[in-house]
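By written order: A, B, C, D and E. Residues from 1 in each chain.
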Amino acid sequence: MMICKVIGNVWATKKDDALEGKKLMVVIQTDTYGEKVQGECFVAADIVGAGVGERVLIVNGSTARKALGGDDIPIDAAIVGIIDTLEVDRTH
Amino acid sequence: MMICKVIGNVWATKKDDALEGKKLMVVIQTDTYGEKVQGECFVAADIVGAGVGERVLIVNGSTARKALGGDDIPIDAAIVGIIDTLEVDRTH
Amino acid sequence: MMICKVIGNVWATKKDDALEGKKLMVVIQTDTYGEKVQGECFVAADIVGAGVGERVLIVNGSTARKALGGDDIPIDAAIVGIIDTLEVDRTH
Amino acid sequence: MMICKVIGNVWATKKDDALEGKKLMVVIQTDTYGEKVQGECFVAADIVGAGVGERVLIVNGSTARKALGGDDIPIDAAIVGIIDTLEVDRTH
Amino acid sequence: MMICKVIGNVWATKKDDALEGKKLMVVIQTDTYGEKVQGECFVAADIVGAGVGERVLIVNGSTARKALGGDDIPIDAAIVGIIDTLEVDRTH
């Protein structure tokens, strides 16, 4: 799973019906200090009640559909956990 | 999902029969300001009536096939929403 | 789908039996002008009769297997269309 | 599989129920000398009893779910082996 | 498929049972001249009898599992062919 930070929300009126009611958030990958790294923002569906500013775990691809509970949902990124603590060996 | 901008159309006469009738658009990933970022243009099938210049949400891989409603369709990117608003915390 | 150019052929005598008879071509991703971009050549199976020098649409991953008509074929990239025209808004 | 090094642990109280009881570790890709390379840390589920500092083999995507023994588990990276020896031809 | 070169072997005593007996080789992506390119070494299972120094075709992701003949095998890269000849138009 990617370590990301939630930085915003996105609204889309014209969309695939299967996206109706999904909470879509803008996220960005971070390092273990919470700093932005190379790579662009993307949009993930939230299933754990994450808010802007929180650090989260993201799954991508077909795994996101599994997390959302339906193999036919047209979503390829999902927030599956809110990070409490990252304990990292900084000597690496 | 990736945040992209629609920048054009593509035509292909010789193609897999399963692509017949699909609306294929050229898209490029953007940041949350709508600016082009590193990475190349690619082609996505549109299912929401997007037009050139609009900002859209794109799903990739097997999820694109799900969005298109058929697991055997030879398409690996699909436009699943037209972005109305991106509300992003610019302090990150 | 990626926008690529066909630049060659590859031969492999010792290979998975399921690759027997497949036409494998060397391709490289290009921009919308047909110029080579960052990234390496790779090999894709052709199902539309593409030739060296042509611009093509490529699908990757599990979608390539779908394009080849069999979920067990050990191929993860396929040429699914030959590009006639790319009409791109150059102001982006 | 990616060659990675385990560098830490991650805790998340609010998470998808299916993640309950999974051992989640922070890993980073390395070269064959064990040195950190370009690319960010990510989180993988451990199924072989790996510890911080060990070099491991990681599978990604749908393969991680297979490694975890259930196609519906919302995890897209798994540690499937602890590397004893890497024997590499350094002349390449 | 990626064009890679086999550069070594890897041994792991503690590993997922399903990896038992698989021949795991260290590979690196190359250009069409056989030169190393940007990107790191990774590990692929060999099903065609490849040796160190040979140029090979690699499939990734779920396609590697298909190549290995079992959808539940925790391997996400497989060597599916040994390259005899690459015939590339160098004018691109």
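Basically, a residue touches a chain if its C-beta (ideal position, glycine included) is under 8 Å from a C-beta of that chain, and two chains touch if they have at least 3 such contacts.
None of the values given here were measured: they were computed from a predicted structure.
Which number of steps is the smallest that gets you from subunit A over to subunit C via touching chains?
Minimum step count, subunit A to subunit C: 2.
Same residues or different residues where subunit D meets subunit E? The copies count as same if more than half of the interface numbers are shared.
different
Centroid from C-alpha atoms only, then distance subunit B to subunit C, rounded to Å. What do you get?
Whole-Å distance between the two chain centres: 19.
I'd like to verify one number: the distance from the centre of subunit B to the centre of subunit E, where each centre is the average of its C-alpha atoms, in whole angstrom.
Computed from C-alpha means, the inter-chain centre distance equals 31 Å.
List, in ascending order, every residue of subunit C touching at least 2 other chains.
Residues 61-62, 64 of subunit C touch two or more partner chains.
Once you've mapped the touching chain pairs, tell me: line, ring, star, complete or other?
Graph shape here is a ring: one loop, exactly two partners per chain.
Under a traversal of the ring that begins at subunit A and continues to subunit B, how are the chains ordered?
A, B, C, E, D
How about subunit B: which of its residues touch subunit C in the complex?
It is residues 5, 7-16, 18-19, 24, 26, 28, 36, 40-44, 52-53, 61-62, 64-65, 71-77 of subunit B that touch subunit C.
Would you tell me which residues of subunit B are touching subunit A in their complex?
Result: residues 1-3, 29-32, 37, 39, 47-50, 57, 59-64, 66-67, 78, 80-89, 92 of subunit B touch subunit A.
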